[in-house]
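The same subunit A turns up in both complexes below, where it pairs with subunit B and then with subunit C.
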Partner chain A sequence: MDFFNEQQVLAAKELLYKIADDHLILGHRNSEWTGLGPLLEEDIAFSSMAQDKIGQSEHLYNLLHDLGEADADTVAFTRNKGQFHCCQMVELPIGTYDFSLVRHFLFDFAAAVRFDLLAESSYENLAKIVKKYRGEVKYHTMHANTWMMQLSAANEESHTRIQNSLNELWNQALGMFEEGPYEGILKESGIFLGEKVLKERWLSVVLPLLEKYGLTVSAVNYWKPVNGGRAGQHTEHLQPLLDEMCEVFSTDPSAEW
Partner chain B sequence: MYGNADIDPNLKIHSIVADEDPIKLAAFEARIAAADKIEPRDWMPKEYRRQLIRMIEQHAHSEIIGALPEGTWITRAPGFRRKLALMAKVQDEVGHAQLLYSAAETLGKTREAMINDLISGKSKYSNIFNYPAPTWADSAVIAWLVDAGAIINQTTNAKGSYGPYVRALERICYEESFHLKYGHDNVVHLATGTAVQRISVQKAINRWWPPLMHFFGPPDSISEHSVILMRWKVKMASNEDMRQQFMDMYVPKIWDLGLTLPDPKLSKNKETGLWEYTEPDWAEFKRVINGDGPCNKERLAVRKMAEEKGRWVRHALLRKDAEYVTPLA
Partner chain C sequence: MIESLDPRITREEIDENSVFSDLKELDQFETYEVFHQKKRGQQHSHVGIVHAPNAEMALLYAKEQFARRGQTCNLWVVKTQHVFATDYDDSDIFETTEEKIYRDPGTYKVMDRIKAYKEKNNLS
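Now for the complex of A and B:
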């Protein structure tokens, strides 16, 4: 579609920023497993997924550039934490492998559903690129699922670790669906059906899987989304991540690297 | 020196093959002379097996330890292009370790045993990764010149006689050639960039030159041991030949970029066609190999931490009813 009005452009930008920032920051976190994974095959898998995510974020920043924002490198490597719209879950440190795995499981199923919805978007340039991402994220969910199945069933220690990480991450994951100021415009203009629909569809995929693996999401204390990320409110972990990410680039943003 | 033979200058051929069946040995040597590849289920002399396990294992360790100094720059790489390329490059290195551990396993040592020997310090890895990479320019110099050295070592070893190692090396060399392009492009950008970039890459070159001169190891002594390992196509070229090849290919390229090398004696002798250089400090080389380098402790501590933190995951993959079967001839 061609955008009809300024409000639609603002709505599209808000949508692109949050998806791009989620993917950049989680990709960055996943890349921290390189050389440190529990087995070589997982170093390699996490690196592949990180490359996909960071590549996807770059494409999305390019779309933003088409809508008048600065180029992808400038947008990614020069903003401070208050200008980032990622949900707080993605910025948390990698922790132990179970934590990174459960985050990967919860995030990638949401990303897969989000891409399914956006593949039907009236914003054609976005619909076109997310169709490509669906082919990538399919392997991410397959990877997450394989490991969740194995580790939740292997032995008591691995099951307990996965359950504990799930407890730690559930409310964080709900923060992925924090609504923005443009939900109505996005829906009316056919760009995106909205966070509520996304969340319902995600729950319909994720809850049966968790149940199948003998994992539980308690009714008490576990349905309180950790919001704020979409509005630029972040944990103490984001700024150090950004400082590290921008360490070399910021020495001379005008230099050719 | 990613993987290299262990030469004992005093070892005589008759003692190396004393226990071997002379008929089998003759048939084995005839196959190698005919450029046949030796496969895991084939008969092979004990010393051949021992040397290959050692070489391939060291090479695999070098790949995973080598992922550490560069890996720390993934999260700092300036811009999407470099970040994505460096991630893919380091991922390749870990993949090489996976291929090489598998190749070594065909000779009868498990991956777990190899990694335990790495962590305990019993088994070595390339000395060059015991040096720090304090700046982005260091990561560029590693990607260009350490990978260049690795390619020379690996294309040489790829002409060897052990099938699984040769096949792994062919694929590794193919990927390394992209790393070299990435590293060269990165160094070119720095060397032709701002004053700060140029200074940083010159400093990095100065830091890495001595370890690069150590890379292929000290000149080998010619002995009966080295002769037989060459005949068996375990050792394919002398350390000094590989070092000369490296200097021949890369010193002019470094100079072309307006960079200097910290060795006033470095020049090519037109008559001999050989490079002349200040003898590297081999005492330091030995000291670092034996654990007393700037980063030995840190590298092994990181590897040990990763192994310990990941133990429960590997344990959760074990099937209770399955027994490990050595994939051995």
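Now for the complex of A and C:
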């Protein structure tokens, strides 16, 4: 699609912002494990995946720039928390390693499905970019899945820890699929099939895996998605993260790097 | 509380008098040898080792440690304990006497004959 009408541009921007913000914020969060990981090899792998996420966010901010938004650095480092569209799950502190791993599992499978859907998008520049991420995202889900498989079966303590983190994160994860104001336009214009489709596909991937590992989630009627993030409502954890992430940039925003 | 330049450490609110016990010797996962293949059909080359609890995790780590940059199409991991090696004390078995250099292909002097044959038969 080379041409967007005004509504489609707004819809595309909303979509890009939420994906890019999710990746930037979770990428930053996961990078907080750098140097503190449970073993050297895992430390390197987790840090490298965090860098992948930040890289992906940069490309998506560049697309936003093409649609008339400020450049990637300005967008990433100068907005306040109310201007971020990430879901609340990604801004939560890293917690213990099991917590970060379960979040990584829930998030990266959703990212993989989202990118698969977007690979078919009529928004060609976006489709082109997400196709490039297939390898990275495949590795991320492979990593997350291998850990989930190991820890859910290793011993009682590891199983309990994974289950507890899953309990804590499930409703948070459902918040990834909070619908925006432009679902109809995105679908009609062939840009994106929408959060509902994404959520169903994600569930069809994630639920069988969890079941295989002997992990449980509550019955559907108890699911309460933690929404609000897409509309700029955030937890008290986001602003301190932004302060820390932007600390160097804000000392001299005009500096050439 | 420990005040560090690294905000992540400060956030942990660690008591300054905390005692950290050192890791016990060998209190870590076993090692896997990593073999890297650049292109399909080429040989796998040994590139290093990773610590991992099992082969699946070893492959995950091998990818990040040894295939992050440059071209890769395949990786192998093999438990270090499954590698049989000669003893360094026996490295003299690889020595060869100079009188038998005819066994070294480098000593065959055939290139000039091959060249002459090619020229004669108009082969390049």
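Keep in mind that, in the parts below, the second predicted complex is superposed on the first by the 252 of 257 C-alpha atoms of A that agree within 3 Å, B and C clash if a C-alpha of one lies under 4 Å from a C-alpha of the other, contacts with A are read in each partner's own complex, and residues count from 1 in each chain.
Note that a contact is a pair of C-beta atoms (placed from the backbone, for glycine too) under 8 Å apart; a residue touches a chain by one contact, two chains touch by 3 or more.
If you're wondering where the values come from, they're calculated on a predicted model, not measured in any experiment.
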| said: Quick check on the superposed pair: does A:E32 touch subunit B, subunit C, both, or neither? Answer first, second, both or neither. | reply: both
| task | Tell me which partner A:E236 touches in the superposition: subunit B (first), subunit C (second), both or neither. | result | neither
| message | Once chain A of both complexes is superposed, is A:L40 in touch with subunit B (first), subunit C (second), both, or neither? | response | both
| query | Touch check for A:E58: first (subunit B), second (subunit C), both, or neither? | reply | first
| said: Contacts for A:A50 in the overlay, against subunit B (first) and subunit C (second): which applies, first, second, both or neither? | reply: first
| query | Thinking of the overlay built on chain A, is A:E244 touched by subunit B (first), by subunit C (second), by both, or by neither? | reply | both
| message | By residue count, which of the two partners contacts subunit A more extensively, subunit B or subunit C? | response | B
| message | Looking at A:M142, would you say it contacts subunit B, subunit C, both, or neither? Reply first, second, both or neither. | response | second
| task | Examine A:Q150 and indicate which partner it touches, taking first as subunit B and second as subunit C; both and neither are also allowed. | result | both
| For subunit A, what residues appear in both contact lists, the one with subunit B and the one with subunit C? | 32, 36, 39-42, 44, 48, 150, 244
| If you look only at subunit C, which of its residues touch subunit A in the complex? | 7-8, 28-29, 50-54, 56-57, 60-61, 63-65, 68
| query | Where on subunit A is subunit C touching in the complex? | reply | 32, 36, 39-42, 44-45, 48, 139, 142-143, 146, 150, 244
| Where on subunit B is subunit A touching in the complex? | 64, 67-68, 71, 74-84, 87-88, 90-91, 94-95, 97-98, 101, 136, 189, 193-194, 196-197, 302, 305-306, 309-317
| task | Spell out the part of subunit A that touches subunit B in their complex, as residue ranges. | result | 28, 31-32, 34-44, 47-48, 50-51, 54-55, 58, 72-73, 76-77, 96-97, 150-151, 154-155, 157-158, 161, 241, 244-245, 247-249, 251-252, 255-257
